[in-house]
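Shared chain: chain A. Partners: chain B in the first complex, chain C in the second.
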Partner chain A sequence: MTLELRHVSKRVGAEMYIYESSLEFREDGFNILLGTTLAGKTSLMQLMAGLERPTSGEIWFGGKNVTGVSVQKRNVSMVHQQFINYPNFSVFENIASPLRVARLARAEIDRRVGEVSEMLRLTPMLDRRPSELSGGQQQRTALARALAKDSDLVLLDEPLANLDYKLREELRDELPRLFRDRGCTVVYATSEPTEALLLGGYTATMHEGRITQFGETATVYRQPADLLSAQVFSDPPINTATVTKQNGRFVLSEAVSWPVSGNQEALRDGRYAVAIRPHHVTPFAQEKNDVRIEGRVLVTELSGSESVVHFDLGGQTWISQSHGIHAFEVGASASFHVDTGQCMYFGDDNELLAA
Partner chain B sequence: MATKTQNSRAWLFVLPVVVLVAFNALIPLMTVVNYSVQETFGDNVFFWEGVKWFEQVLHSERFHASLLRQLMFTSIILMIEVPLGVAIALSMPKKGIGVSVCLVLMALPLLIPWNVVGAMWNIFALPDIGLLGRMINGLGIDYNFTQQPGAAWFTTILMDVWHWTSLVVLLAYAGLRSIPDAYYQAAKIDGATPWAVFRFIQLPKMKRVLTIAILLRFMDSFMIYTEPFVLTGGGPGNTTTFLSIDLVKIALGQFDLGPAAAMSLIYFLIVLLLCWVFYTLMMRHEAQ
Partner chain C sequence: MRRFTWLVPTLYILFLMLPIYWLLNMSFKTTNEILGVFTLWPREFTLDNYRKIFTDPTWYNGYLNSLSYVVMNTVISVTAALPAAYAFSRYRFLGDKHLFFWLLTNRMAPPAVFALPFFQLYSAVNLFDTYIAVALAHCLFNIPLAVWILEGFMSGVPKELDETAYVDGYPFWRFFVKIFIPTIAAGIGVAAFFCFMFSWVELLLAKTLTSVAAKPIAATMTRTASTAGYELGLLAAAGTLTIIPGAFVIYFVRNYIAKGFALGRV
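Entry: the complex of A and B
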């Protein structure tokens, strides 16, 4: 069954939570809502679940208009960022609770709880209470409840955000596998671009209550529709600057310019916004389309295998991300290399013109 | 050797606390212990009596009667104040200007000195000039709390409920507010009834604050003195003479210091024991 938002908007008082948006979610993979906090991911999910009514527009599910249908009648399940379980129920009772409300036969409840607790490796903990479990186990219990219910629509609202790094990786691998072949639509909200890429499927980028782009995750990443989508889908933040196209070259500053190539030749002369992801800006020379830029180093973050350097480029903060450990002196000038073949050019309305 | 020097210096920092506890708890308590095992006729002359006073108090019918009254009073006010407090907390607004209005209104009774509460209710309930007393009599019910034991109990309990339910409300409200919205959403998605939300989400989440509320109300009501003393003076007869009123009568009215000291200690141990039982029962799941 497909979930479709038709011209949906949500306003509370004078504040727009969701600007008019239309979207048709897919069943053959995760639908990821990607955006920072306050981008409207949770508000949109509450509209989808039926916890809130849209101010305007309609929500269609499985070919039916469900806009005014209450949440209890929609067969939805939701997993939140916080670990939400009934505090004085055992893990078994927690997983079984929606099934008990649905008045399923005891044998069927036992079968379903047994099945999902096996999948989520909760079988040894079925008699414990949530307070006796680790965070990962508590969230697995909440996930098990959502799975056992066999809903048509599963909403996962940043379910891994409160878990530590290792558990997050583990569950992130498991999640797509758990929901595969279940015939349900899965919507997954996250604020981390990396998580969206790892989960695959489809991604909708969100910014301040608007859906800026929707498509296959890899496509949205590679071909952002506009600068906002590119910014939402980049971690560390994407580098931007203004360039002028003249005489067959893009001119960044007096010293820095590079030749126009491919579909960029169709662009008229004038000013454009250019964006390039941090991993295409490196301290060492690029293999092709190499252009050297100079900047003053502001911050360096050295992790075990990666160097992230923030530097000032003509008043803009740019970020370089590269493999290996590269030493920089904060405050000193340093040179970086840009692979101009990876640059994306945006027009006056921030729409993508050429890449 | 080095660690030993450090240890003895650390004692210096503990000393202020030791002195404070000694002066406000240990020394007064030991004085009471001292009186409870001796007889004195003044002039600092003491005679050893052993456990005689304890035996006397424990066998006294008067003590049994006040203990029974005390237990009854405490159980009644707990049974009224805890459910009522939770009910009021549940019906209070969750956001908007109503929150502060309700909180201030709730906090008001708690700000009034205890003897003032007693005096207020005394005048309020007087059958001839009090608003409440006149009203009840106006309804055709014969009501005079200075003469009828039932009316005296009714007024005392009403006063305590008026004075102290707010405490339960404030604690329960704080407990309710700490439940994330996501719990209610999850319950809604599960299709849980309002009763199920209360029983399986709100009540368990309020358990800790309610334990504190019950303990505080238990201790305070078990040691209640000022309000009933000002309201009824323990009367009519002895019908509202609770443990602490009785204790003061023995200690200061009759000046029987030995029995009064023994009674104080027994009283103290009862409060301690009941608190411990309460707490252990309420927290037995957490302990596992």
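Entry: the complex of A and C
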């Protein structure tokens, strides 16, 4: 059963939460809503679940218009960012609660709860209260409840955001396995581009209440439809600058220019926005990093395996991300090497013209 | 300096307990001893005062009357406040903040203002001198209080809990009764306790709205004092017994109250 949003919008008071959006979700993989906080991911999920009614537009599910159908009558489950469980129920009753409401036979409830708690390694905790569990176990309980229900639509609203690093990695690996072959549509909201790439499937990038692009995750990442989508789907933030195309070259500044290649030749001469991901800007020369730029170092962040350097390039902050430890003196001038083959060029309306 | 840190709390507790000790002390004395000599403990220890209260219907009925309308009031106040507090904590509607504030101002109004209109109104509908009259009158200040306390506790429960329950298929009322109320049980305990206490100690409205059948203990105490001279020992015993229900209720909700002080409104 597929979930489809048809010209859906949501306004609360004078504020637009969701601008008119249409989207058809896929069943053969995670549907990821990627956007920063306040991008409208949760609002959109509330519309999909039926917790809120859209101001305009229709929601279709499995070929039926479910716009006015109450949430209780839809077969949906949802996991929130906070660990939400019923504090007065045991873990077993928490997982069983949607089944009890649906008046399933006791044997069937026992079987299903046993199955999912085994899958999520909750079996030893079934008699405890949620408050006696660790954060990871609490979120597992919430996931188990969503799984036990066997719903047609599963909404995961940043389920891993409040977990610590180790647990997050662990659960993130488990998630696609848990929902595989269940024949349900899974929508997963996250603010982390890395998470979207790791979970694969399909990604919709969101920005301030608009869906800017939807497609296969890898495609959205490689070919952003516009500058906004590229910005949303980049961590650290994507580098942008203005270049002028003239005489078969892109000119960034007097000293920095590079030749036009491939489909870029079709572009007319003029000004374009250029964007390049931080890992294509390195402090050392590589075979493809052919163009050298100079900038004043603002901040350096060193982790064990990589260096992130923020530098000032003609009034704009650029970021270089590279393997190894490359220390720079803050305030000093440094040179970086850009793989101009990875540049993306955007037009006046920020639409992608050439890559 | 360090060695005297016990001094201030000890003095504080001493001063705090002194009147209660004196009340207890007097309740075991005869009126003659109270009026005649100054003694730190009863010279002629007597239980006559208590015996009189527990055997004389005009006395023990006072307690039963008070307890009846206090329990009624507590039940009504909390039951009415639960949905109201839920609305204030979960929904935004026109004038919600003003309405909330207005509710609180009722708590601030002196009961004397309402004594006369209440007397007239309750008489007109033949509710004068009934438990329910006093129970309803006390709702005037107990419902706002309960709404205020419960709203604080409810706002501490994430809205996502409601959403999760709806997604799981719970209809509103089933969620409210089976999940939400147990979740804020501590808040209900605290609200009930305060309703109980305020209704228990309120004298003016209770006295105005009753004559014989529903006369509260506090009224019994004042009336006896004025007709039969000063039976101080008896009064002290009645006073001691009046403290007991409050102490009893506090004992049961003590954990909730501690939690309430940490979490919610109180």
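The rule is short, and it goes like this: the second predicted complex is superposed on the first by the 354 of 355 C-alpha atoms of A that agree within 3 Å, B and C clash if a C-alpha of one lies under 4 Å from a C-alpha of the other, contacts with A are read in each partner's own complex, and residues count from 1 in each chain.
Please note the rule applied: a residue touches a chain if its C-beta (ideal position, glycine included) is under 8 Å from a C-beta of that chain, and two chains touch if they have at least 3 such contacts.
The shown structure was predicted, so the numbers you read here are calculated from the model rather than taken from an experiment.
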Would you mind checking whether chain B and chain C clash or fit side by side on chain A after the superposition?
clash
Just checking: does A:Y86 make contact with chain B only, chain C only, both, or neither of them? Give me first, second, both or neither.
both
When the two structures are overlaid on chain A, which partner does A:M78 contact: first (chain B), second (chain C), both, or neither?
both
Between chain B (first) and chain C (second), which does A:S97 come into contact with in this model arrangement: first, second, both, or neither?
both
Which of the two partners, first being chain B and second being chain C, lies in contact with A:A49: first, second, both, or neither?
both
Does chain B (first) or chain C (second) touch A:L197, or do both, or does neither?
neither
Footprint overlap on chain A, where chain B in one structure and chain C in the other make contact
46, 49, 51, 71-72, 76-78, 80, 82, 84, 86-89, 97-98, 101-102, 142
Can you tell me which positions in chain B touch chain A when the two form their complex?
180, 182-183, 185-186, 188-192, 200-201, 204-205, 285-286, 288
Report the residues of chain C in contact with chain A in the complex, numbered from low to high.
158, 160-161, 163-171, 174, 179, 182-183, 185
Using the touch rule from the top, collect the residues of chain A that touch chain C in their complex.
46, 49, 51, 71-72, 76-78, 80, 82, 84, 86-89, 97-98, 101-102, 142, 145, 149
Residue numbers on chain A that touch chain B, as the complex places them:
46, 49, 51, 71-72, 76-78, 80-82, 84, 86-89, 97-98, 101-102, 129, 131-132, 142
